[in-house]
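Right, one structure below, let's go through it.
Note that the chains take the letters A, B and C in the order they are written out, and that residue 1 is the start of every chain.
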């Protein structure tokens, strides 16, 4: 047995933090997709992650589908849930105000949570790690192979999304909706469909986050709300709407949380990210890279 | 207090307003005498509305000062400036749409009859008397601007012209010494414009100093005693309407612009 | 809709006064008086929230925190230090008011989603504190031994007596709030909701009013928390979790947040659902709450209190 050095311990916290932070980053990316198209903050964003994990458990462990089939199947199911959410909770609202949209997504969030409890009960579920659980020891820190999957999927997600929004016509059309919905519909963009698409995309990314994190931290029905708030923290920290910002925000938040829990108080683990969120909102709501002048122009 | 001598009620002193690299205002310099109607004109983007926002405290200027009755006000908050006696209307109508016409004007009295949360909650007799007073004053203003018969309608149900008039009425309710009107005639038809013009004159006749931003040159030439011309955030001319009309710089600014 | 006359208030007071007697006469609903104690406690919070959200237009998804602060300050000071419960109630109000002032000032500079998230995060942080500071709060297991209330030797030791105490507070808060709404201060709050720009230009101290009404709603929530603690004699953190904040949101959305009656109606209905009518669903009641909230926000944006107006408009069109 090696002895654990303080430096190794610190490194360990950092690695764990970055892994957890990758999940927050993915939730933040999900927030950003919907926000960039609709300027709505979807409070049910964390539920997609929860659903991703639990649906995957049912398909992969429960029904015995191989990983390679269960993964996309889970994404499709959660994507459909995301589209349903838009069609049942968002688009029927006749007088959309910030308040009514917040209430609608909160309603959707507790509906999804309740339904998940109905289907899966209250127990946490485990998922086999994608490439086993033989940890690698590196610089005194123990690293689970699954950590690499988490970080890998984050990188892939961000690259694919950036290309999608910057290079494809569909992606550009989606961004146009947020800048000016009236002008977008004038040039023939179907705004309602773009909103639906944004919910679909955002749900799919949530599902990926849920699938890759479940082997590390298990998954249960009531994880969504906390994931949503922390993911929002990551999004705001990096500047709401920015994908690279979401990644950096998520990683910083994860690191702060892991270091805080390890060095200060494990009981307050969940509070650290929230305190950071509040401070960012109070002192720099445009995020660490954001431009204050720009954020003043934003509608919300 | 109320002397109508040549005292300057408002002085704009080399105000600079920069947004990032963009200079919206660059050191315009002018003053407004108590009791007159002064118009600010200039092509689109000349900085007129920005100037209003600086005067009324929505923006604090990057450099320079604005003085009201000799006192610098640039560092005050918007509501404090309103307290001192400057009132305004907005280019894009900013009525309280969900409130009635009467309530809109009553809200305008806010600065003059302060409502304390506690006194109101305990329904102290003083609070109730104040409320009555405000209502009477608001009705008087509604009669003055000709909207008394619509006092209970929701403000956003009024046609555009009447909404503009109502905004002026609301601005008067605070009994301002200076009122800043931001394009009161924009979007109005000829009759409505005429009503607005006479209203501006009537307000002025009551001793209120008027600062006016307006695109409709007929209105400007008809009502104002003096005109300041802005272009690209700078003052290019100042004087009585007759002079301004023939000022080559002004003509060039307008012709060189988009008009 | 905005004018709340003396007649409806008196009728309301009368119905409340006879309620325990009526409930006692009808077999099977005798315990409704007990449920109504909770309805009253929740009404205190929703009345404040109605002013904050419905009138001033400022959203909060964290008021469970102020409710909890009231309960814990009362609980800790009475059970651990043996102080007089009424003094503890005042202490709770002061602490909640001070926290609301400190948190509210920066929070209320934010708008819409940002404000919702900030208050949500605040609520969760306070919830974690209740769980973690076990030396004071008893941790997740909660704390017991909180005494009941009495005044000048008169004990509020029966359900009926406590019912009248709680609803006495509700009545006072209701009338106080009605007075505010019908004064210049209430007009200023609605003006802020409609256009902060114009309100500012008309001399309304927008940020000042926002913080003031936030503190007021926190004080009422804290009072409710103290009443809750002294009624049950036991508190634990789970009562003050995020879901309770959401339940408060459901109450005022269901009742209609632009209307003080709505605050009381919504609190009443949700309380009865909570304690009486949803037993059948057990833990799955959360699905029912979600469904209610969704139906309200889509079909009845002005809540139950807005239905008469809605009908009038519909009929007027035909």
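We take it that contacts are C-beta pairs under 8 Å (C-beta built on N, C-alpha and C of every residue); 3 or more make two chains touch, one makes a residue touch a chain.
These figures come from a predicted structure and were not determined experimentally.
The central chain here, found by comparing per-chain C-alpha centres with the mean of all protein C-alpha atoms, is C. Among the remaining chains, B is positioned farthest from chain C, on the basis of C-alpha centroids.
Chain centres here are Cα means. That of chain A falls 32 Å from that of chain C. Spacing of chain B relative to chain C, judged by their CA centroids, is 41 angstrom. With centres defined as mean CA coordinates, chain B is found 48 Å away from chain A. Of all residues in chain B, none touches 2 or more other chains.
Residues of chain C touching chain B in their complex: 175-177, 179-180, 182-188, 190-191, 193-195, 197-206, 212, 216. Residues 56, 58, 77-79, 82-83, 87-88, 90, 94-99, 103, 106-111, 113-117, 120-123, 127, 130-131, 134, 170-171, 174 of chain B touch chain C in their complex. Remark: chain C residues 53, 57, 59, 61, 106-107, 109-114, 116-118, 120-122, 124-125, 128-129, 131-132, 242-243, 246, 249, 253, 283-287, 289-291, 293-294, 297-298, 301 touch chain A in the complex. By the touch criterion stated above, chain A contacts chain C in their complex at residues 40-41, 43, 88-89, 92-95, 98-100, 102-104, 106-115, 117-118, 122, 225-226, 229, 232-233, 236, 265, 267-268, 270-271, 274-275, 277-278, 281-282, 285, 300.
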